[in-house]
Amino acid sequence: MARIFKIRTKKVGQPPGTLVHVGEARTEPVRITVLDYDLDQLQEFCVTSIDQCLDFKKKPSVTWINVVGVHRPKVIEKIGDCFDIHPLILEDILNTEQRPKIEDFDDYIFIVLKMLSSDDTDDGMEEIRSEQVSLIVGQGFVISFQETGGDVFDPVRDRIRKSKGKIRKTGADYLAYALIDAIVDNYFLILEDVGEDLEVLEEELVTNPSSDTSHQIHEMKRDMIFLRKSVWPLREVISRLSRGESEIFEESTEIYLRDVYDHTVQVIDAIETFRDILSGMLDIYLSSISNRMNEVMKVLTIIATIFIPLTLVAGIYGMNFDYMPELRWRWGYPAVLLFMLFTGFLMVLYFRRREWL
Amino acid sequence: MARIFKIRTKKVGQPPGTLVHVGEARTEPVRITVLDYDLDQLQEFCVTSIDQCLDFKKKPSVTWINVVGVHRPKVIEKIGDCFDIHPLILEDILNTEQRPKIEDFDDYIFIVLKMLSSDDTDDGMEEIRSEQVSLIVGQGFVISFQETGGDVFDPVRDRIRKSKGKIRKTGADYLAYALIDAIVDNYFLILEDVGEDLEVLEEELVTNPSSDTSHQIHEMKRDMIFLRKSVWPLREVISRLSRGESEIFEESTEIYLRDVYDHTVQVIDAIETFRDILSGMLDIYLSSISNRMNEVMKVLTIIATIFIPLTLVAGIYGMNFDYMPELRWRWGYPAVLLFMLFTGFLMVLYFRRREWL
Amino acid sequence: MARIFKIRTKKVGQPPGTLVHVGEARTEPVRITVLDYDLDQLQEFCVTSIDQCLDFKKKPSVTWINVVGVHRPKVIEKIGDCFDIHPLILEDILNTEQRPKIEDFDDYIFIVLKMLSSDDTDDGMEEIRSEQVSLIVGQGFVISFQETGGDVFDPVRDRIRKSKGKIRKTGADYLAYALIDAIVDNYFLILEDVGEDLEVLEEELVTNPSSDTSHQIHEMKRDMIFLRKSVWPLREVISRLSRGESEIFEESTEIYLRDVYDHTVQVIDAIETFRDILSGMLDIYLSSISNRMNEVMKVLTIIATIFIPLTLVAGIYGMNFDYMPELRWRWGYPAVLLFMLFTGFLMVLYFRRREWL
Amino acid sequence: MARIFKIRTKKVGQPPGTLVHVGEARTEPVRITVLDYDLDQLQEFCVTSIDQCLDFKKKPSVTWINVVGVHRPKVIEKIGDCFDIHPLILEDILNTEQRPKIEDFDDYIFIVLKMLSSDDTDDGMEEIRSEQVSLIVGQGFVISFQETGGDVFDPVRDRIRKSKGKIRKTGADYLAYALIDAIVDNYFLILEDVGEDLEVLEEELVTNPSSDTSHQIHEMKRDMIFLRKSVWPLREVISRLSRGESEIFEESTEIYLRDVYDHTVQVIDAIETFRDILSGMLDIYLSSISNRMNEVMKVLTIIATIFIPLTLVAGIYGMNFDYMPELRWRWGYPAVLLFMLFTGFLMVLYFRRREWL
Amino acid sequence: MARIFKIRTKKVGQPPGTLVHVGEARTEPVRITVLDYDLDQLQEFCVTSIDQCLDFKKKPSVTWINVVGVHRPKVIEKIGDCFDIHPLILEDILNTEQRPKIEDFDDYIFIVLKMLSSDDTDDGMEEIRSEQVSLIVGQGFVISFQETGGDVFDPVRDRIRKSKGKIRKTGADYLAYALIDAIVDNYFLILEDVGEDLEVLEEELVTNPSSDTSHQIHEMKRDMIFLRKSVWPLREVISRLSRGESEIFEESTEIYLRDVYDHTVQVIDAIETFRDILSGMLDIYLSSISNRMNEVMKVLTIIATIFIPLTLVAGIYGMNFDYMPELRWRWGYPAVLLFMLFTGFLMVLYFRRREWL
């Protein structure tokens, strides 16, 4: 649960624009890969310092700089210097607890997104983790910042290398769209995992609900809160992009952005639906507890109601009065036994009629 | 429940515009039927290839091309080529997991709708299924894409053949309206089925609520979530159409679109009402469980309260003390029996007064 | 409950504008009454055919045609022909399952309203019924369509006849206002009935809550859903009228429309308040069930806790061991009885201290 | 509770503008007091007829006419004649079931407000009552209508008499502001009373929750519904005044109106907070019932589980078999007693370990 | 809880602009510190009277006057005189029960904020306290009013003294931003404390839920209501500032204000998430109570069901009939004991199969 409470106290009291990494501590070095392409050529290489890719900035080709690891303020600062990025933006890149947002500057757009991934945990449920991805999109270049560098951008890289689709024929804005699209497409994978968990849980709820089931439902409900928090603001972000307010995004890309927008709305729809379903499951769980309690109480009541009166009868004939004529009768004992059997039988009939048995 | 979780993972990682069918796998061939008509003439035939209907496109008559089956990307692609449709639109046609939406291009409008149908299941409740219908409406032609081709468009076909109403006197925009209207009208049939199920369920809830009843209520509640998801966005779609933003829809058709809009709002209203009623029914179910528990506990308490003290009395006179004068009394035994009867009677009176009996 | 599910399946598959009556089947003939008046004269008569009132249409006096019964498509069609009404409007008049709405045409306004009435049912609660009223308001004439013709318009008729208020000095727009006002005023009567039921129910809830009470609360909650559905859209309708968008309504009438608008808002307010109160009553009912369960359990626990240990004591001295010295004691029996009394007394004290008694 | 259901049925069927008093019946005479002032002079007197203050209307000084009692339609009508007030406004003044609202005419503004007061009831809780105050604000005069004439306007009167603050230097608009401000300030007193009740209730809820507590919580919740209904529309009323749409209110008064607006928002905020707190208290109450039930059940279970098995043991040695060797043993009886003690002790240990004791 | 009910009754009946302190009574003197700086110089000193800093007002340097303690109306009034502040603003400064708000005047802006702090209480949970901070921002000066003067502004003071960041190079608007930023940053500290409490509570809820846990959850839920009330209006305040409506805030500061705006939204997001989590925890608590009740009932039922029938058997053979052949049998007693054991064993098996054991 820690992920919800990770909050940026390290920064309190610092002047704005102070570059401090907020998030999980990491030690691995920052990896910077560059992909420069146009319709005719493609260059791909790793750099150790950002200076090495300054040349590409001026070329008309599209330059994609992918930075994996935002835990070194120095590196981010240098990138900021080279590309003339506002200090507050650099601060936002380092602070991995941002909400998805968009900032529109004169010569670049800054976009913050959340990339999701999921792991199986011991109890067979998914654990959903989130990673911040920041994009700086300018005329002819895209800089993307990832925390750990999963493989979510690989399909885009592949399309560039193999010149699949129209990506090599278009500019940096289309590349930015492709990256956003890759992240949003990834949400569907997460949702499918969640959906499968939900089906398992639902099966369990019907066949054998335990207090474990209820804990897992609550766990998933909280995951939905978390997902919602990550995806909901994205809608506004992409909507603003697709309304064509920025000059960096060309009109021909807007239809693609509308497409991602539709996908985002679909994702939010699915999350809301999952929430509704989980709430319903919780109701089912609670009413199944009540039902089982009813069952237990019925058993107790039936047993008590049949045997307690009979015990009284046995008690009566166990009394030691001198003058109890029945005790002397020859058939007294079998008569009492028959009476008990008969009474018990009547009780059972009664409960049958009340549909308790 | 699977229908809620069907999500488009097949497409993740593909460039946009890649034509992949998302949805239930099918094997039957794609059927294409063409209906070309104006006030004076009517042609109707099946084609095996879309090329065969290109001639009609140019004619001033209205051409309705109905494509049943969207599981063959090749076929859809060819249609896209012939009618110059944007690849993203083709992708949307193939992806049957869209929300209802509308896309406005210069020379055609693309509309996605959900067609609903319902089947009786084993437990007598309806199972609601949804099928995607896409419409491409241009100057003089309408292309409609169905997944399986139910009979929902038959009345429209009939009206064209028999020249009922004003359909033969109007253009492609009116045909598009007629198709949308047919789909929305169909919702009322579904709602009526749901309404009947609701009445059955309500009857059951009053006479004989079981945990089955509660499961069916939850099932229906989920169906309502599903319906809502299918119909809600349609409102916005038709509202945009009827606001006359597009040039393809003539002003004289707008009043008809407003009429469909009213119907859509009515459908949404009914769904919301059903949801409210189902929530109320769940509350009734829960309080009926509590009431029954109360009943059961009362029976137990009455039995225990009447018989346990009497058992004590019997126990006392079953003690083996040497000096228990009562045991020697001639009328001891009948006196005790009378005392017991009297006590029991008092208890019953007491419970009567507390209105437990 | 049927009223919520009455849905217009009869019409599915028909071309728009097809005139089919949707609603409860009726057999009585359609009654048409005409009231033609200006400041100086007043004519009032019944007609059998609409042709008879065509003359009045052209006169500058105000003509009010009241049609009771919309179950004869032929009659409605004829009216439509005479007054040149759009077929979709005629369809709406026949379809008594409309939401309140307003349609603005060049030379007339079409308004749909719901008139409510209530009957006492067997259980003393109100049963609320709804009837559709449609108004066509043009220059110099108002046509009103009722389903059964209650007496809600009688006060208006009276005011015209006796020339009370300014109704005879004003035009058709003021007459339309007066009719709407009569319908909205009628809501207050319904609300008062509901309010009285609520007070009865509340009394019952405090003194003697039964599962019947809970059913009636749910019943009333559903009535509120129904009322809300009937009145809520009316707000928008009257708001549009009072904003003066139509030329048929003169500016001097607008202040009256604002007055009706205020009343409508008051009605909606009251419905929402009733809903809140009913929800609160349901909570009270549920917690009273829990409280009673607690009561029952306490009785059981007290009885069991007092008598079961005593029964053990009696059982012990009922054992048949040869060597049980107590049994031989002279005062053994009274001592045991005293001990039992004392223990029982202690238990009672204990329960007193825990405030269970 | 009656106050929520007081609805204006008396007026149904009357033409608009018919002057009928709606509200609690009263018999005391209507009192009219006049206060005429400017910077230099002040006149204050009671009048028996409104004619007596017509002279002041024309003078440039500010005239405040305070009418206590709106149950005499005649009186109100005469005022309407003198000051040329629209009949619908007079109707609204007489109808004490209005929502707070504002009507803007050319030469006066009509404002309806709710004045609240509270009384202690038998159970120590506040009973909140509401009274309608109507203001007519024109150039140089304010007419205020109260139902019973509490002392809420006394501070304003005092400030005028003693020329405290800037009230004597300003016009009728500032006087209107001062009156509204006095009413809104009064809400804070009510809220403080409610807040104190809430604290008492909360104390009770923690120390000794009874079904009485729950009833009082529900009572207060309903009071909050009532307060909300009275105050919520006021926000819109004052907001419209402070936006400076009317010419009667001068720009220099607007900052004061914004101040009242802030206070109104604060009041609404407090009401919402109270509602949230009351909902939370209800949850606490319900879980405390459940907790107590658990307690009760534990006691029962412990007693039954300890004594029922022991009773069986006693019962076994009370059997009358001829051959029961234990009965003949010398130490049989003490051995059984010890065994019982030991078993009971084990049980207690077991319950300790499960933390039930 | 008192903090929610502190309401400004002291002021009721006073003319507007009357300077009365509303809030906790204090006795310490008011401390006024002045910090005057530009790029080249810095002066810092305490003053006893506001007159001493009037000189700085006219200088082009930035003057920050920090007033700690708003409980002396005289002091505030004098400041108002010197800086020509509207009396209503002075009133707002003295009234510490304001909502966060912003008032825009021609030559200054007035901003009200809430500063939060938290203390550990006895039960290890945080107690959150709130203090009002008012800012008056004019051309070249900022006056800040605190109630008690915590250390939240120290980092800003430090940055000015050490000329860290760009604060010495910018104007009064940037200083105002820095102060707002310091307060908002402080919220994150509170949220982190709350988050830690939440984790502790959650641990407790899983391992050992008691009625204490539920009380603490409710306590925290109420804290969230309180936090929400303090922070929510701030969003609007900062949004209005950052939209650049005021001339006092320069365009270069707006990006910083957008940054604070983002932080505020993050804070609100976190509060909403906490609320959702707490609601979920309450549900978990309630279902854990139900579960435990089920457990208790099962134990009772098992014991009763096993031993009550056996007691009947023992009772039967304790009857004193003359003719009970079993009693005479040589192996009767062991046979009955075996029968009892066997029956008990069967019962246990039965409960095992129903998974109650």
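The first chain written gets the first letter, and so on, giving A, B, C, D and E; residue counts start at 1 in each chain.
Rule of thumb we're sticking to: contacts are C-beta pairs under 8 Å (C-beta built on N, C-alpha and C of every residue); 3 or more make two chains touch, one makes a residue touch a chain.
Computed from a predicted structure; not experimentally measured.
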If CA atoms of chain C are superposed on chain E, the rotation in degrees (nearest 5) amounts to 145
Rounded to a whole Å, what is the gap between the Cα centroids of chain B and chain E? 43
Where chain A and chain E are represented by their mean Cα positions, the distance between them in whole Å: 26
Junction residues of chain C, two or more chains touched: 290, 293, 297, 300, 304, 308, 311, 315, 318-320, 324
State the ordered list of ring chains, commencing at chain C and continuing via chain D. C, D, E, A, B
Chain C-facing residues of chain D, complex: 1-2, 4-5, 7-9, 11-18, 86, 88, 97-99, 101, 103, 211, 214-215, 218, 221-222, 225, 229, 282, 285-286, 289-290, 292-293, 296-297, 299-300, 303-304, 307-308, 310-311, 314-315, 317-320, 324, 326-333, 336-337, 340
Contact set on chain C toward chain D in their complex: 154-155, 159, 164-167, 178, 181-182, 185-186, 188-189, 191-192, 195-196, 198-199, 202, 206, 255-256, 258-259, 262, 265-266, 269-270, 273, 276-277, 280, 283-284, 287-288, 290-291, 293-294, 297-298, 300-301, 304-305, 308-309, 311-312, 315-316, 318-324, 356
